[in-house]
C-alpha cells in the first residue's frame, strides 16, 4: 500500500499528500481475525484464569464472524463486481473471497480440533488460537494480494505464526525440531521469493500485479532473462509453501513433528494460501508468459505427483504419510494450473476446497488416535481401529478414500475436475500420469484401511513401546463435530457438488 | 566515476549467492540465520538499484517492508533457536535429525 | 403386475439398496437377525423390482426404456440418466437375483452389520452401472463397486485376503485411470465447436465426433479399464487371487456380476461410442479373447485349489464373451449378452457350492477332498448340473450363449472361432477332472460322513438350478428382449463404418426359415388341425424379426 | 396327425422328472418299474407312429412336428421340432425297443444297489436324450441329444464312482467325445455359414449350393464327431474303458444305441456325403481299419466285457464301411441287427458276471452252459449272429455291407472279410471259454483281484450290493438270474435270430431298404451286380465266419487250451492309450503346468508384483534423500531453484 503512496508522492512532487482510502469493509474477514487475535491477547493479559474452552469458543466465534463477513463479501462482489482496496494493493474479487471463505472454514475446524488437543495435552493459554488467527489473516492477505510485496507480507504473517505453532508442543523434541527446520527453510525460501519479486520489479517496473500484467501485455520485455528468472524464483518461493517437489523437503518432517492440529491447519491454510497466490500470479498476471511457465509447471506437476505418491508408499508414520500425500495433492492442483484455463483454475479451487475438508478431517482423526503426548502415529496404532471405534474408523476411511479419489466423494470430483481441465487443453499425458499416480496413492490409503479393518489389534502388542492394551480413545465433542462436518461436506458435496462447483467457477470468473 | 547499475545488481547477486551457499554449508544455526539475513539484504540492494535504474521511488520503499519483516523473523527465529538449544552446548543444526525418511 | 409409467422404477432399484444400507448402518450391532432381515428384505425387494422390470419391458423395442433423466452436475454436462435396454436388462435381473442369494446363502461369521451394509452398497453400484446412460454416472458406479468389494474381500476373506483385496482394488483402479482420461478426451473432443459438453452416451454416440487414430486411442483407454475388469488375458491375475480369497458371497458377486461390468462396458461404451475403432481393433481383442479361452482353461487344469480353478474357468468363459462381442454379428453379440447372464448363474452357483464344501471341510485343496458324492449325493448332483452348465452342455444355459458366440464369430472370424471351440473341449477336461478328484472315489479321513445340503442351502440353490435349466431349454423370452437392442447396436456400427454383417448372420437365415414356412404352410393345408398353433407362433416371430432387419437394409 | 410322436421323447422325460422328484422315495424296484413303463410306453408310441406313417405315401412320410422356438438371434433361428421320417422312426423303434428290454433287465441286475433309483433316473434321461438325438429336426437338436447321451454316458459309466477306474472312465468317455464334438460343432458353424440355417430340411433340400470343398469339409467334420461318439479310430479309446459302468449300461449305451449315433448322423446327412467322394472314401477306410483293428484287439482280451467292447468298435467300423460305400440302408440294417445281438451278448455277459459274483475274467469261467442254461443258449444265438453264420441276423446285414464294400473297392472288402474271420474267432473263443471247458471259476481268486486287460473289475463292495441275496461270498455255484433278466435275453435272442427278416436280399422282401429309400434318395448307391456274383461274395463271408469258428474250436475245445494267440501288444490295444498319454496327456499337462507356474505366476503376476516392488524400491531409495539434515533440505530447494533458473535462462537465450 505504502509503495503506491510513495509512488504517487514521487510522481507529483508538489501536490498535497493524498492518503489512499483504506476500505476496511473489503478486508473485513482478515481484520476480524486480527482483531480477534488481539482481543484474545489483551483478554488473557487482563483477566487471568479463564476456563480454556473460552478461548476456543471465542476463536470459533471469530472464525464464524469471518466466515459471515466473507459470505457477505461474496454476494457483494457477485453483485457489484470486484473491489480494489488500499490503493490497488489488495483486490477483493470472487477469487479472494473464495479463499476468505475457505480460510475461515479452516479456522473454525482447526479451533474445534485444537480445543480437545490442548485440553488433553494440558495447555491452558490462548496462544494457539492467537497464532492461528493471525496466521489465517496472513493467508487471507495472500489471497487478496494485488501486489507482490503484499504477497510477501501475507506469506510472512502466515509463516511466522506457523513457525511458532509448529514448535508449540515444547515437550516434544520432534515438535521443536520441526519448528527449527520449518523456520530455517522457510526463511531461505522467503529470501528466494523476495529476490524473485525484486527481479520482476526490475524487469517490469512494478510490483503491482495488474501493472505487471499491463506492462507485459503492452511491451515485449527487454530483459526477458531477468523477468523469467524472477518468475522462476517466485515459483520456487510459492512452490515451497505449497510443497511442490523439489521444494517439498520440509513437508514430511514438519508435518510429522508439529502438533497434529497444527499440522492439519498448516496442511490446509498454508497450502491454500500458497496456491491462492500462485494461481493468481501465474494465471492472471503472467498469463502472457504462459508458454514459458506451462512446461515448467508441467514438469513440476509430474515430479510432484510421482514423488509424493511413491514416497508415501514406504512410510510407517501416518502423519508423514499424509505429508507425502499432501505433496501428491499439490501435484493435482498444479495440473489445474498447468491447463491455464478458467476451467483449470476453478478445478484447482475446487480441489483446494475438497482437500481442506479431507485433510482437516484426517488430522482430526489422527489427533484423537495420537492419544496423550501426541506420540502414537505409527501406522501400527491403527490396527483394528474399526473394531474399537467403528465410527471413527469409518470417518477416517471416508477421508482416505476421498483422498484416493473414490467416487461419490468430493475427492473424486476434485481429481475429475482438474484432470478434465487438463484433458480439455490436450494435456493427455499429464492427465494420465495424474491418474496413474492416484493408483499408487490409493495403495497407501488402502494400507491404512487394511490396518483398521482387516488386521486384528492383537498383533500390535508384539511391537515394543506400545502399551499392552489399547486404552479407549477419547473423542472430544468438539473434535467429533469437526470430523462430522468434514465427513458431511466430503460426502454431501460428493453427491451433489453443483453448489461448490459453481462457487469455484464463479470465483474464477470474478477474478 | 559512475558505476553502471549492472555492477550493483551483480554485487547483489553475488551477495545473495554467498548467503545461499553459506546457508547450505554451515551447520551452526545462528550462522545459517545470518546467511538468510545476508540474502535479504542482497535483495534490498537489488530493489534499491532497480529503483534507481527505473527512477521509481517505490522500489526503495519496498526495502522498508523487507527490513521490518526481517526483524520480525529474527525475533521469532531467535526465540525458536534459543528454546531448542537452551539445554545444549552448541547450536549445530545437524544435531536435529530425528525426523527423516 | 405392471407399474405405472411414471413410476421411476430404475431410480428406485438403485436407491432401495442404498437406503437399506444406511438403515442397516444405523441398526444396533446387537440385533443380527434384524440386520439380516432388513438386508434380505431390501435385496429381495430389488429382486422383485427387477423381475417386474423384465416383465414390463417391451420386447420388440430396441431403444432404451424406462429412461429417467435428471440434471445433476450441469456445469459438467452431467446428468442422472438411467435407462434399460435389452443388453442391460438381464444383467440387472441377474444382479437382482444373485444378491439375495449371496446375502442369504453363505453364513457370515463376524460383523454381520458391516457385511450386509457393504453388500447392499455393492448391489446399488452394480445395478447403477448397468443402468447408467451417462458416461460419468457409469464411471462413478463402476468405480464405487470397488470399495464394498474391497472391504468384503479384505474383511471376510481367507488367509491371503489383504493381498488379494488390495490387488483387486489397485488393478482395477489402474485400468480405470486410462478410462477416465479417455472418457474426458472423448467428451471434450465431442464438444468442439458449438456443441455443449455432455456425458450422455446417446448424444455422444450420435455425434460420433472422434475418428481415426484419436478414436482408436480413446477406445483402447476404455478397453484398458474393461479388460482389467473382464478380465482379459494378460491382465487377469487379480482374479484368481480375489476369487480365492473372497468369502463365498464375495466370489459369487464378483464372478456373477462384477466381471460383467467389464464385458458390459465394452459392449455399451466400446462398441457404441467407437464403432470404427472397435472394428479396426477387433482382431487384437479377438486374439486376446481366444488366448484367454485356451490359456484360462489350461491353467485351470493344474490348479490345486478348487476356488482358484473356478476362477480360471471364469477367465476362459469371459474370453468367450469378449469373442462374441467383437464378432460383430447378431449371434455373437446376443450370445455374449446372454452368456454374461449364464456365466453369472453357473459360476455364481459353483462358488456357492465350493463355499458349502468349505463350510464342511475347511479346505479348498482338491487333494484333501475325495469321495464327497458318497455322503452328499444331493450336493454332488447339484454340482453336476452346474458343472455341466459351465461345460456348455446343450439343454443347460451355458450352451446357448456359447454356441451363439461361436457361430456368430465363425461367420466373420472363422479361425478365431475354430481355436475358441477347442476351449469347449478343455472346459470339460478341467471341470470333470476336478469333479472326479473331489466327488468320486471312496471317501477317506475327514471326508467321511459329511452332512448333505441343508434346507437353507437348498433354498439358495433351487432358483439357480431352475434358471440354469430354464435358460437352457427356453432362452427365447430372454433372447427376444436382447435381440432388438443388439440389432440396433450392430446397425449403429454398420451405419458408422464400412463394416457389414455377413448376410447369413443378418437375415439370410430368416429368409430360409420363411421359405420353409411356405412349404410348411402348404403341408399345413393338408394337415390343417395339427399345425395351427405352430403357425401362429411362426407368424409372430416373422413380424418381429422383419421390422428390425429391414430398416437396416434400406439404409 | 402323428401327434403321438411327441410322446416318444416326452414319456422318458416324464419318467425322468417323476423319478427326480420322487428321489429315494421311488425305491427299489419301484423306480425301475416307473422307468421301464415310461420307455415301454415310448416304444408303444413309436410303434403307433410307425403304423400311422405306413398309412402315408413314401414321399410324405417325412413330417416335422414343431415344438417351440428354441434359440433365435438375428438371422439364426432354431425351431425345436421332431423330424419324423422313416430313418428317425426306425431308430426310435429300436432304441425304445431294446431300451425297454434293457430297462427291464436292469431291475434285476441293479437290485440291491444303494443308488438304485438314481440309476433309472439316468437311464430315462439317457433314453430321452437318445430320442431327441434321432428325432431332432435340426443339427442343433441332434447335438442336444448327442451331448445329452454323452453326459448320461458319463454319469452311468462312473455310476460306481467309489472306484477310481470307473470315475476315470466316465471322464475319459466325456472328454474324448468332446474332441469329436469339436468336429460336430465346426460342421454346424460351416453349415450355418453356408445355408443360414441348421434345419435338416432347410439344409438337405438345398445341398446343391455347396461347393465340393465345403461339402467335404462339412462331411469330414461331422465324421470327426461321429468318430468320437461311435468310437472309431482314432477316438475309440474311451469305449473299452467305459465297460466300467454297470453291464446294462454297456448293453444299452455302449453297444445298442448311443454308439450308433455317429452312423445315424452320417445316414442323416447322406445328401451332403454324396457330394464328396473324398469324404466317403475317408469314412470307408477309417471304418474298415477300425473294424480290423478292433477285431485283432478283441482276440487278445480276457475280460468278458472288453471283448465285447472291442467287438462293438469293430462292428461299428463295419457300419462306417457301409456308409463310406454309400450303402446307408446296409449301415442302418447292421445297426439294428447289431443292436439286437450285441445287447443280447452284453446282457448275457452281465448275467454271467452276475452269476459269478462280479467275476469278469474269462480265464476264470468255463462250463457255465450247464448251470446257466438260458444265458448259455441265448448267448450262443448271439454268438452265431455276430459271427455271421447264416441264417442269423448278423449274416445278412454283414453280407450287405461286404457287398457294398466290394463295389467300392475290393481291398476294403478284403479287410472286411478278414475282420469277419477274426470276429468269428474271438466270439467263438469267448463262448468256448465261458460256457465250455472246465469249471475254472471254482479255483478262481477273489473276484476283481485279477484284473483282465484294462483292469475292469467290480470291487467287492458291489458284489455285496448287487448280489441277489441268499448266498454269501464266492464259492457258491453260479446261478441264473431272475425272470426280469432272462426274459430280455430270450426276446433279444429271438430278434438276433430272426432280425435278418427285416431286409432279406430276395426280391420284394427287402423291406427295410424299401422303407428307408425315400430318406436317402440319390445318395443311396445300388450295387449293380449279378446274383451269382452276390452269392459268391456271400459264400466267402459265410466261409470266413466258419473258418474263424473252426480255428477257435480247434484251439479251445479240441486243444483244451485257455490261451491262444494273445500277444501283449494286442492286449494293450496296440499301445494306443500309451501313445496318447505320451503324445497328448503328458505334454498337455506339462504345458498347463508351465502356463500356471511360470507364465501366470512368474511372468504375468511377476510383472504386476514387480511394478509394486519397483514403486516400493523407488520409494525406499528416494527416502534416503530425506536425510533429516536441514542443510540437505535447503540444498534440495537450492537445487530445484537452480534447475528452474537454468531452464528459464536457456529459454530466454533461445
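Letters A, B, C and D name the chains as they come in the text, with residue numbers starting at 1 for each one.
We adopt the following convention: a contact is a pair of C-beta atoms (placed from the backbone, for glycine too) under 8 Å apart; a residue touches a chain by one contact, two chains touch by 3 or more.
Nothing here was measured: the structure is a model prediction, and the numbers come from that model.
**Student:** Averaging the CA atoms per chain, pick out the one whose centre lands closest to the mean of every protein CA shown.
**Tutor:** C
**Student:** Could you compare the number of C-beta pairs in contact for A-D with that for C-D and name the larger?
**Tutor:** C-D
**Student:** From the C-alpha centre of subunit A to that of subunit D, how far is it in Å?
**Tutor:** Each chain reduced to its C-alpha mean, subunit A and subunit D end up 78 Å apart.
**Student:** Express in whole angstrom the distance between the two chain centres, defined as the mean CA positions of subunit C and subunit D.
**Tutor:** 35
**Student:** Can you check how far apart subunit B and subunit D are, centre to centre, with Cα atoms defining each centre and the answer in Å?
**Tutor:** 96
**Student:** How many angstrom lie between the CA centroids of subunit A and subunit C, rounded to a whole number?
**Tutor:** The separation of the two C-alpha centroids amounts to 45 Å.
**Student:** I need the residues of subunit B touching at least two other chains; which ones are they?
**Tutor:** Within subunit B, residues 20, 23, 32, 93, 96-101 contact more than one other chain.
**Student:** Out of subunit A, which residues touch more than one other chain, so two or more?
**Tutor:** Within subunit A, residues 180-181, 184, 188, 192, 252-253, 314, 443 contact more than one other chain.
**Student:** Touching two or more other chains, which residues of subunit D qualify?
**Tutor:** In subunit D, the residues touching two or more other chains are 623, 626, 628, 630, 634.
**Student:** Please give all chain pairs that are in touch with each other.
**Tutor:** A-B, A-C, A-D, B-D, C-D
**Student:** Please name which positions on subunit A make contact with subunit D in the complex.
**Tutor:** For subunit A paired with subunit D, touching residues are 180-181, 184-185, 188-189, 192, 224-225, 228-229, 231-233, 235-236, 239-240, 245-247, 249-250, 252-253, 292, 296, 307, 310-314, 440, 443.
**Student:** List the residues on subunit D that touch subunit B in their complex, please.
**Tutor:** Touch residues, subunit D against subunit B: 623, 626-631, 634-635, 638.
**Student:** Which residues, counting only subunit C, touch subunit A once they are in their complex?
**Tutor:** Spelled out, the residues of subunit C in touch with subunit A are 72-76, 114, 139-141, 143-144, 146-147, 150-151, 154-155, 161-162, 165-166, 169-170, 173-174, 176-178, 180-181, 184-185, 187-188.
**Student:** What does subunit A use to touch subunit B in their complex?
**Tutor:** Residues in contact with subunit B: 2-4, 6-7, 9-10, 149, 152-153, 156, 160, 163-164, 167, 170, 173-174, 176-181, 183-184, 187-188, 190-192, 194-195, 197-199, 201-202, 205-207, 252-253, 256-257, 314-315, 320.
**Student:** If you look only at subunit D, which of its residues touch subunit C in the complex?
**Tutor:** Within the complex, subunit D touches subunit C at residues 1-3, 64-66, 68-77, 79, 115, 118, 140, 143-144, 146-148, 151, 154-155, 158, 161-164, 166-168, 170-171, 174-175, 178-179, 181-182, 185-186, 188-190, 192-197, 199, 201-202, 588-589, 591-593, 595-597, 599-600, 604-605, 608.
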